[in-house]
Amino acid sequence: MVALDILYFAWVREGVGKDGETIDHPGAEMTVAELIGQLAERGGGYAQAFAETGRLRAALDQNFVSLDTKLGEARELALFPPVTGG
Amino acid sequence: MVALDILYFAWVREGVGKDGETIDHPGAEMTVAELIGQLAERGGGYAQAFAETGRLRAALDQNFVSLDTKLGEARELALFPPVTGG
Amino acid sequence: MTEAHIAVGEADFDPAAQLSRLEALGGGAVASFTGIVRGGDGLQAMRLDHYPAMTQAQIARIVAEAQARWPLLGVVVIHRVGDLTPGERIVFVGTASSHRAAALESCAFLIDWLKTSAPFWKKERFADGRAEWVEARAEDDAARERWG
Amino acid sequence: MTEAHIAVGEADFDPAAQLSRLEALGGGAVASFTGIVRGGDGLQAMRLDHYPAMTQAQIARIVAEAQARWPLLGVVVIHRVGDLTPGERIVFVGTASSHRAAALESCAFLIDWLKTSAPFWKKERFADGRAEWVEARAEDDAARERWG
């Protein structure tokens, strides 16, 4: 079974309560938004962290993508708020 | 008699052969260009330095002015090429 | 050929040493931007979180883009992470070129990009105990938009 | 209240000391530009002539204009005159603000202005004995025009 590493940053990490986790890859056709929906259904910190998708950003294999992007062959998904560096 | 100090910079100074000089004020109604014409008529280095008025710039009492500006009550006229600082 | 120096880490840095390095490249024009943690509003400390695997690659990519857009002789990008207090430096961008406009514009381009597109997140801790993640600002996105 | 430091003279200067001064103002954003004598084409030395009574007053005026246009906490303008050789610094502009764009834009504004409107003239001396006054460049005037 192929795996997908999920990484969380900033308040997403604090909400979920961990830096990341590895799940069974849900398939190339699933979008980032659909996977976020599945994570939110776990309830608790997940439901809270993923309540407002408008406040979320994502990267697949370390490239920024929009939430309607399909997971494809990506092996690493990162979920986080809009960046605030500099 | 009121005096007018004239200052020369860069290749204007080198052409004229001095840093500056003091002349009798030629009157408030005379323009910078007209005075440059009078200076050029002195011949020699003056004629050479003031041959092309398009390459000359001027300041009256330390403010940049166009060559068609009247001398007015100014006490200091500076003549020089376009600036090349920085 | 452009010299590029990229560093992301907890250590402080010396802007003077970076400027000397850029001045020595012989270009005639060196521009820099230094970002410092601002105090005020009771801010006591700041923590910078980042996505290490992505940060380095993304900065290298944007530095390459700056090199393609402007004739640069040298580029330095330094971004700190971890815990910082008011008055400490967070970020440094320095550029060297033979052209004044190239040095100035590429420096502005790089810092605008770092503010809007590099995977860093700031959390501020205040004297009254509050700790809040900084919200992204629309004006930062606008600053980035102008680079197309 | 903006702190302003203006210096015109033969002495070299230390960009690091100027940056430290600007960083200490607490604004969070410090931008700088340093101009250095470029070598190449056989350039051996450069002489900077200026109009002393006018230079200081004009720089003070343009610094005041920058302070009126942008919310600045500090401004430093240093311009050298006299004899300079390749690798030596000629000019430094540094700005500090609470706003990144204000620091960057005012720095670009000031150096564009110094290049086009301050009464300095450069004479270059080459290895083959030639000595020529530098001609003003149209692109410098264009750079200034954009500030209106």
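Letters are used for the chains, namely A, B, C and D, taken in the order the chains are written, and counting of residues starts over at 1 for each.
In this section, contacts are C-beta pairs under 8 Å (C-beta built on N, C-alpha and C of every residue); 3 or more make two chains touch, one makes a residue touch a chain.
From a predicted model like this one, the values you see are computed outputs, not experimental measurements.
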Touching chain sets, computed without chain D:
A, C | B
Could you work out how many touching-chain steps separate chain B from chain C at minimum?
2
Using Cα averages as centroids, what's the distance between chain A and chain C in whole Å?
26
Any idea how many Å lie between the Cα centroids of chain C and chain D?
23
Approximate Å spacing (C-alpha centroids) for the pair chain A, chain B:
72
So which bits of chain A are touching at least two other chains?
86
Where chain D touches two or more other chains at once, the residues are 35, 100, 111, 115
Which two-chain combinations qualify as touching?
A-C, B-D, C-D
Would you mind writing out the residues of chain B in touch with chain D in their complex?
7, 9-11, 13, 59, 62, 64, 76, 78, 80-86
Over in the complex, which chain D residues touch chain B? Could you list them?
35, 48-51, 53-54, 57-58, 79, 90-91, 111, 114-123, 133-136, 140
Can you list the residues on chain C that touch chain D in the complex?
15-16, 19, 23-24, 26-40, 86-87, 89, 98, 100-101, 103-104, 107-108, 111-112, 115, 143
